[in-house]
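One structure, as structure tokens, below. Some questions next.
A, B, C and D label the chains in the order they appear, each numbered from 1.
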Amino acid sequence: MTGSHSPRAEDPARFPWLSRHLLWTSDPSKVNRLVWALVILCAGLTLADFFYHKHSHFEIEQVPGFYGFYGFIMCAALVIAAKGLRVLLKRDEDYYAPYTVESEEHPEADLGRENIDA
Amino acid sequence: MPELLTPATVYILAAILLPFVPKGIFRQLVPVLVPFAGVAVFWTLQSGTFSSFNLMGLHIGLMRIDDLSRIFGLIFSIAACLAAIYAWHVRDTIQQVAGLLYAGSAIGAVFAADLITLFVFWEGTAIASVFLIWARRTEGAYATGMRYLIVQIGSGVILMAGVVLLYRETGTVAFSQMELGSLATWMIFIAFGIKCAFPLLHNWLQDAYPAATVTGTVILSAFTTKLAVYALARGFPGTEILIYIGAVMTLFPIFYAVIENDLRRVLAYSLNNQLGFMVVGVGIGTPLALNGTAAHAFCHILYKALLFMSVGAVLFRTGTAKGSELGGLYKTMPWTMAFCVVGAASISAFPLFSGFISKSLILSASADEGHFIVWLILLFASAGVFHHSGIKIPYFAFFAHDSGKRPKEAPRHMLIAMGVTAALCIGIGVYPAPLYELLPYDVGYEPYTTSHVVTQLQLLFFSALAFTVLMKTRVYPPELRSTNLDSDWIYRRMLPAMVAGLRHVITGTWRFASRVTTTRVDRFIATIYRAHGPQGPLARTWPTGSMVLWMAVLLGMTLVLAYI
Amino acid sequence: MTDANALLLALSIPTVTMFLIAMSGSRPNIRDGISIVASICTFAVVLRLLESVMAGARPSVTLVEVMPGLTINFSIEPLGMLFATVASGLWIVTAIYSIGYMRGAQEKKQTRFYICFALAIASALAIAFSGNLFTLFIFYEVLTISTYPLVAHKETPEARAGARVYLGILMTTSILFLLVAVIWTWNLAGTMEFRAGGILEGNIDPAYVPFLLALFAFGIGKAALMPFHRWLPAAMVAPTPVSALLHAVAVVKAGVFTMLKVGTYIFGVGFLSKTGASEWLVWVAGASILIASIIALTKDDLKARLAYSTVSQLSYITLGVALANQMGVIGGSMHIAMHAMGKITLFMCAGAIYVAAHKTKVSELDGLGPKMPVTFICFTIASLSIIGLPPFGGAWSKWYLLLAAANAGQVVMIVVLMLSSLLNVAYLLAIPGRAFFAPPKKQVAHSLGAAASPSDGIEEAPLFCLVPICLTAIGCIVLFFAVGGLYEYLLSIPILPEAAP
Amino acid sequence: MPGLIEANLPALQVVLPLVAAPICAMLGKGSRAWAFATLVAFLAFAISISLFIATYGGQVISYEMGGWAPPLGIEYRIDVLNAFVLMIVSGMAALVLPYAHRSVAAEIPAERQPFFYTAFLLCLTGLLGVAITGDAFNVFVFLEISSLSTYALVASGSWRNKRALTAAYNYLIMGTVGATFFVIGIGMIYMITGTLNMADLATRIIEHGDSRTLRMGFVFIFIGVGLKLAMFPLHLWLPNAYTFAPTAVTAFVAATATKVAVYVLLRFMFTVFGFDYEFQAETLKNVLLPVALVAMFAASLVAIFQDDLKRMLAYSSIAQIGYMLLGLAFLTHTGLMATIVHLFNHAVTKGALFMVAGCFILSAGTSSISSLRGIGRDMPWTTAAFVAGGMSLIGLPLTVGFISKWYLVQAALELGWWPVALLIMASSLLAIVYVWRVVEAAYLKPAPEGVTRREAPLSMLIPAWILVGLSIWFGVSATLTTTAASRAADVLIGSSQMLWEE
């Protein structure tokens, strides 16, 4: 059931309707196009700041695109910090074994069984 | 006999009767229908305290209805109903009973007008919920459950001790606003804090939720922590320290969430982060902030349940919830994916989704009160939560690189549960007025202003941009099978090691001492035996002369006395 | 029937039962029937007395004057009445349970067993009704001796060794310390009557009070205060109904009851708190609570674990006395009832597990829950009650003990009680938790092969075992809701000296 | 006639068995002699009861032997203490003799039995005489009568075990040495006072005041009587004598002889020398107290390791004598009470236990504890009697042993000597151990293969159970004994105090 690669299952035509319309996400060039769309959207939102009266509590909010830049910088910082943190905190998956759920294989036989809870 | 018909009694009665309902559709229907009955009990009542009586000089009030308890009661009931639908396939009586008891206790605690009742239901949630973890029936789940239970009951006993002290100080057990200051209130505060997963007291959450069963996690995510938020809102509104605690709570889990592999644990971290917002709201304590807390709790329960449901469905079908093992599932589980995205959008507070109309209340309140740093932190946390919950969860589960797994779509009842939840999320987001009506305070607030929408979109899209850039540049940390150390290390590694060391020392000493004592005692008995045993001098038959000698000795002794 | 006659009747029913059982020894059905009927009659009479006592009556009967001024006197006051009610009420369930267990486990010499059992109950009731310290001491010893054959029942070398420890410690402490304390009290006060507010105030140099209290506290070996607790686990060799009797009904409760009685009616709570003489006892009891819990955690043998749990729980009651205030007395006495109900359930469950599955170790219970659901659900309920969680009786006694600690300003003891709850969770709930939810051990299944393949069928103990278990488990819940009446009743325990007539 | 008898009861008490003894020797066949001796014992018992009733209220009967007025003549002076001891002695005789019939039949050849009963009656005479007389030298005479007959009685155990002869011989020598000491002591006080009547002695000693000779006299009497009562470490004659004597003798002698000796000590110390005689107080504190304490422990410990039941009981007796001496050493009213009440209590208890031991010997042929395994099933009544007696020996409540211990501890606490109180308790724990060994062997160990043991005959069981019954009866309702003891203590203290305070 998991990881079966039978051609029948791989046949896009047999995917549900919604999935068929999302198959483009597997295509890198189309994804790239999406990225560019995102960049443009961001630029647009930054520019939008100049066209309305911003209701604010703090002065810094008046900086155009403040929210955007703050979000970008902080998120990048977050990821980089977390990456650093990983050096410090990462342990083997079975670090706490045997008293941990991670060390256990999920019972294959239980998958999808509707009468019993996995 | 006081009036005992409260929502909690309804649930508890149902739980008791459930095992006797014939198996099949009727039994499955019970957990779905009971919440309606529960709501019916309190919905029509005016504000006030009901079912109150005097027990041993303590004023007990089982059901206090006011705006704050009503909204929490309502959302708990909704969550119970949705979770029951989601768990339609579960035929495990223990889980069903535990689920009902758990929901009932949580609702009972919400309506508690006095601290005794609160304590009773507080412990009730602890006990009932552990079965949802244990029900997974693995060694690891058992151990996790035990840890969870001890922490939860620990919270309960601290609460009880606090209540005792408070009762002694003030002579009342009414559950009303308290001032931090005495030992009693601090204890109560910490008891609430444990359930609310305050920083360093939080780890039970990330430990337990991923260990529970698929359906169990959904139920768990709804009640315990929000009950704690409610209790804080009731007992400690406007307590300044809560603002900082809440700010820290919003902050640190996002770092963990980024590097965590198990998606259910990622959700647990983000749950912790969302709780932070509510705690900040309680800490600020203005009507707006408290409204924000209530609203956010309401929305949060829904979208967090939705997220847990969708990840649970994935787990249910694929047998894993680890980011490193998943990917490309949209191909066969599109509906699940869609609902997951709705949940993700809600938690990220996209406009038109529920998170947007509740989180902004808290942010505005913090800004209104001029807490600049806190406001910045909350903003950062908002971006962060989008980052790990809004993007990471759907992305790694359903897109990213194709894991090759082609599971079936989630079962129909799960889809229904997710669908209803998603509809509620969107509904609230689009049309927040009814929710605002329910909020405890009458404060006019308009979420959909241009600046609010634009700034929020800026924040979110730039965060998304950051994510994309980091992915493209491969800076983003890959999903790895790993365990990340958290504060649970203290009690899973450090304390056991210390205890083991201590035990070693004690058993060593004990063994040494007992060996020494045994030899001493043996030697002592041997000495006694030598003297008193059948052949010993004291038991032997002595010649007559020796007794005469003794007479002489005694005589001499006494005569000496006579001459002194 | 006057109250005094009812009192004598309550004492004589179990005594007469002894002889009836002895005579009907050859016909097991009649014999077992007699013990059940007797237990029900006794309980009925005790309830009748309870009613009078609640109405304010204080019946008193003097049997005989042993020495000038020293009488064997029975008089009832609320505390004793509580103990008598608990003991006689639980006798019924134990009697029913014994039938199922003794037959199920095919024990030998059942007649002797039932005789000693009835005698033990008779002496427990006599202790409850004792009007003075002397009478109490006498029946305390009778109880020790009458339970010896029960402990040694199996007549194996281990049983004999366990029984020897049992008798040794109880006898040693009672003679070496308790008797000295009793005589000392007599010496000081010239009376040994249990009197509201105590008899020692004004008769003893306050500096000596801690020593006298120590003689009492350690002399009452049945209260299992550390370090004189060893007899309790040693007595675990006994058949389970005996353990239930020892740990829930008669023996240990007689111990803590004596403790309460001495604290309230000999020293007087006011006197104790005024002199601060019980301060050390607070700490000893606290240490006992924690250490016993920790030891319990390390025990794999089910009954041994329960035994240490009892040691710990008994110290709760001692702590209640030592805190020396009204709440302590109320909490302590309440805990007699609450703990009795919970612990008897636990022991009966342990026995049921033994009868049905022949398992005695906690580690062997994995996966047994679904086979014996009723037993383990009752076990869970009782555990929760012992831990002190709502909605089970134990929560209330803990509440009052906490209140007592708060009143006495002993914050550390509050912490001790809290920690103890958590330890209780760890060692008690782990048992049903594992039984229901831990996966069955693989290697066991492997080694036993197909024969041990898990059958889904329910394999419960005989009905005679199950019904009492359910009754007491429900009792744990009922006690939570019925606490109001109990509290009102306990308030009538006189704490202050009566006004001079 | 009844009036005449009543007036001469004190004399009859002694004369009756004395006259009966030679008659008994002439009766020939065993059973007849036994019946006669039993009858005499019962009569003596009846007399002692009536004397006890007469003196219980506090009256003192003074009887002048042969009409010679004291201090020249011999006076029988009976107060509640004498009467109490008389009752113990004659009562034990009355119970032991019925018991003796079967027991003696098994241990002594039929043709010797009349002599045995003669000796028995003589012994009774001696003991009664010691207890009743008010004349110091007369005490010595009666003491020797009883001792000499006891030597003979002990020696009569030689048909069962030859070692009885050496034991008797040993006892003879030692007893004589003791008697000599005693008589030297009496001689010394006679030197000072010129009188032998105790009441008279008391007054004259006061008049005379303390002197070295008086002290000497005291010391010799103390040591002499100490030997007779088996005061540690002068007890060495006792274990063998008790072990090898016929059971009936052991039961009787153990229950009475040492008690009478204790009585003599009490009488001399408190009536003659006076309760607050300073040197005496010193001796008691420095010599008797430690000796008593050591006896309680050393003898009990020896008893623990003994395999022979009779020997174990013998050592336990030494320990119990320690209790009596301890009560004495306290020198308080309660202490004396404890001693006096223990006289009775121990007599009853030990008598019962030795009788039980005799039953065991009769059925099992041995008194070795290891061969008593599983005997509880074969001889349930006998063993039950042992358990009950053993509980009394330990001092469990509702038995007489408890009453004694109660007063003893009470006395220690009154003085504030709480370590002594704890020691008393600790030594009774030792009693648990040695009693327990027997109980465990009897009930908990499997019987040896191929041994059949029949329950003892009723004629032996009933006396044993009567004693057990008494030990429980007077444990439950001790008012009679304690009141008697209390009044006896009053007599001892009161009379002398009155004298010294003048």
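General observations
As a working rule, contacts are C-beta pairs under 8 Å (C-beta built on N, C-alpha and C of every residue); 3 or more make two chains touch, one makes a residue touch a chain.
Keep in mind the model is a prediction, meaning the values are calculated, not measured.
Ranked by how close its mean Cα position lies to the mean of all protein Cα atoms, the top chain is C. Each chain gets a centre from the mean of its Cα atoms; for subunit B and subunit C, those two points are 36 Å apart.
Taking the mean of the C-alpha atoms as each chain's centre, subunit A and subunit B sit 26 Å apart.
Between the Cα centres of subunit C and subunit D there is a gap of 45 Å. Centre-to-centre spacing of subunit A and subunit C amounts to 61 Å, using the average Cα coordinate of each chain. Chain contacts: subunit B has residues 135-136, 138-139, 141 touching two or more partner chains. Pairs of chains that satisfy the touch definition comprise A-B, B-C, B-D, C-D. Per the touch definition, subunit C reaches subunit D in the complex via residues 64-68, 72, 137-138, 141-142, 145, 152, 155, 160, 167, 171-172, 175-177, 179-180, 183-184, 186-187. Those residues of subunit D that touch subunit B in the complex are listed here as 170, 173-174, 177-178, 181, 212, 215-216, 218-220, 222-223, 226-227, 233-234, 236-237, 239-240, 279, 282-283, 286-287, 298-299, 301-302, 304-307, 315.
Those residues of subunit A lying in contact with subunit B across their complex are 1-5, 9-10, 15-19, 22-23, 25-26, 35, 38-39, 41-42, 45-46, 48-49, 52-58, 61, 65-76, 78-83, 85-86, 88-96, 98-104, 106-108, 110-112, 114-118. Subunit C makes touch with subunit B in their complex at residues 384, 387-391, 395, 398-399, 402-403, 405-407, 411, 414-415, 417-418, 421-422, 425-426, 429-430, 433-434, 436-439, 483-484, 487-488. Those residues of subunit B that touch subunit A in the complex are listed here as 87, 89-92, 95, 135-136, 138-141, 143-144, 210-211, 213-216, 254-256, 258-259, 262, 315-320, 328, 330-332, 334-335, 337-338, 364, 367-368, 370, 372, 375-376, 379-380, 383-384, 387, 399, 402-409, 411, 449-452, 454-470, 472, 475-477, 480-486, 492-493.
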